[in-house]
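Below are structures written as structure tokens.
Presented sequentially are two complexes of subunit A, the first with subunit B as partner and the second with subunit C.
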Partner chain A sequence: MADEAPFQFLHSELIQYITKSAESGDTENARNITKLEIMGFRVGQGLIERLTKDTVRFKDELDIMKFICKDFWTCVFKKQIDNLRTNHQGIYVLQDNKFRLLSQLSAGKQYLEQAPKYLAFTCGLVRGALSNLGVKSIVTAEVSVMPACKFQVMIQKM
Partner chain B sequence: MTVHNLYIFDRNGNCLYYNEWNRKKQAGISKEEEYKLMYGMLFSIRSFVSKMSPLDMKDGFLSFQTSKYRLHYYETPTGLKFVMNTDLSVSNARETLQHIYSNLYVEYIVKNPVCVLGNTLDSELFSSRLDAFIRALPYYSPRAA
Partner chain C sequence: MAVCIAVIAKENYPLYIRSVPTQNELKFHYTVHTSLDVVEEKISAVGKSLGDQRELYLGLLYPTEDYKVYGYVTNSKVKFVIVVDSSNTSLRDNEIRSMFRKLHNSFTDVMCNPFHNPGDTIQSKAFDGIVSAMMVQTG
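Moving on to the complex of A and B:
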């Protein structure tokens, strides 16, 4: 990832494009978020192939999550996840205190309703990465005070 | 040693942002009229300066001063105009204005997907960072000279 600015601008444009091309009001909001998440999914799948082509196989799920928190996040956002929590039963919470895609948006409560759109792509990114590593999951995100945000990963047992 | 106020205009003459720190006397006209007056003056001075310059012009209009204050002007290649009024002790605020543009405007407005370029700058993040930056300037003091 050479420079952050092109990715950030492209990401913002992507969100604008998806929002504009679905004109009919609020009911479309969920569909837009789904579209963004699906895009992120595909990107995540490809990205993780590239990143792990020389790494050894992972020992267990926790190892996979740690890889996501450290190397994967560093590659995409140039920093690591600040906090990883788990209940050892398939739920992981990744906390990023200064999420790159939100840090220019606001520092606090302004624009809070618009934040979910900006997190959808990243949720898909994580889900795609995990899926290509053999882990089926559902990823959601929540944000209360920007630029900190939490991604919750729920592993689905086959 | 102080900064009085700051205006940011876009290339069409709309005032995108205004803030004041130490203004003792108001202009006596409404804010919209004040912005139009300021922009009109700047436009006229710039073209005057470029026409009447006895040598080849490099940067053009930079600042003017009165017996009480100095007005500094910085224009970006994209047509954005930054105008800052300070007291007379500040001789050159060009780097300050350049810093405001590149580190505050570009970071918090241009990169902010919610802020549409051309609208007034609503981002609270931008306001608070700008405020903190101005207050941290070496030539700013809360009590006007």
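Moving on to the complex of A and C:
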């Protein structure tokens, strides 16, 4: 759906815009990440509505996660999640070995402290998509070496 | 064609409800409200038996003396309910399906509208137009 280059440019401009328009400081940094996360949330909600329009009803949670890993990820990032793991108790780990939004940053550990703001939007995207499908969750991201990235999804039981 | 069209949110409150102008609009509200139980029943049956329907379209929910009630549930658990007049026997299942499809398409557009707040009642004119077109075709 989203074309490769425009989406990446827009995303990095978005981060620039949000960090520049806020004053510097550590507390501000946390607020910027929240802002990006909320934006992602709204986009995820809309996007999943469109993507699941012609699919059959999901059987269970795992079915939903598979959809996120395959169709949803392909739509946004042009590739599937490389590895999905779960403990069958509401925790899912989605591993992407070459995460597209990090692929333009130099590989390795040089820009590691910049990573959170490049992942916040995506965390929100996943959380928004899941919430619209009726699954409440907390999504966090983790990077140890640059373009690889892990997203942890914790399902909130009602 | 349809005498009442309703959109119900995940949490079972109405996002949109419109019926043909008659004296007893309340009756349609009751009809739609009653249908939610049937919808619930149909969804919870999914996954229990093999070969069950996993389609979004739920088919005829229940007939009453004067009306037939059809249901549809999106993957985001938003319910669409269409009430048609029983006397309208020419109406085929396929036509109902296509009505729901149109409704769903339009609803998706509403959801993707950045000015719309998910969970708010639907105020889109485009959606209104689609619904009106379905109600007008009364024979």
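Keep in mind that, in the parts below, the second predicted complex is superposed on the first by the 156 of 158 C-alpha atoms of A that agree within 3 Å, B and C clash if a C-alpha of one lies under 4 Å from a C-alpha of the other, contacts with A are read in each partner's own complex, and residues count from 1 in each chain.
Everything below uses one rule, namely that contacts are C-beta pairs under 8 Å (C-beta built on N, C-alpha and C of every residue); 3 or more make two chains touch, one makes a residue touch a chain.
Worth saying up front: this structure is predicted, and the values here are computed from it rather than measured.
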Partners on subunit A (subunit B, subunit C) - clash or fit
fit
Once chain A of both complexes is superposed, is A:K157 in touch with subunit B (first), subunit C (second), both, or neither?
neither
Should A:Q16 be classified as contacting the first partner (subunit B), the second (subunit C), both, or neither?
first
Looking at A:H88 after the superposition, I want to know if it touches subunit B, subunit C, both of them or none. Which is it: first, second, both, neither?
neither
Which partner does A:Y111 reach: the first (subunit B), the second (subunit C), both, or neither?
first
Taking the superposition on A as described, I'd like to know which of subunit B and subunit C A:Q8 touches: first, second, both or neither.
first
Superposition-derived angle with apex at the Cα centre of subunit A and sides reaching subunit B and subunit C, degrees in steps of 10:
130
Once chain A of both complexes is superposed, is A:Q45 in touch with subunit B (first), subunit C (second), both, or neither?
second
With both complexes overlaid on chain A, what's the closest CA-to-CA approach of subunit B to subunit C, in Å?
25
Need the overlap of the two footprints on subunit A, from subunit B and from subunit C, as residue ranges.
none
Please output the residues of subunit A touching subunit C within their complex, sorted ascending.
42, 45-50, 52-53, 55-60, 132-134
Tell me, which parts of subunit B touch subunit A in their complex?
107-108, 111-114, 122-125, 128
Touching subunit A in the complex: which residues of subunit C?
10, 43, 46-47, 54-56, 73-77, 104-105, 107-108, 111-112, 114, 118
Residues of subunit A that touch subunit B when the two form their complex:
5, 8-9, 11-13, 15-16, 104-108, 110-111, 114, 118
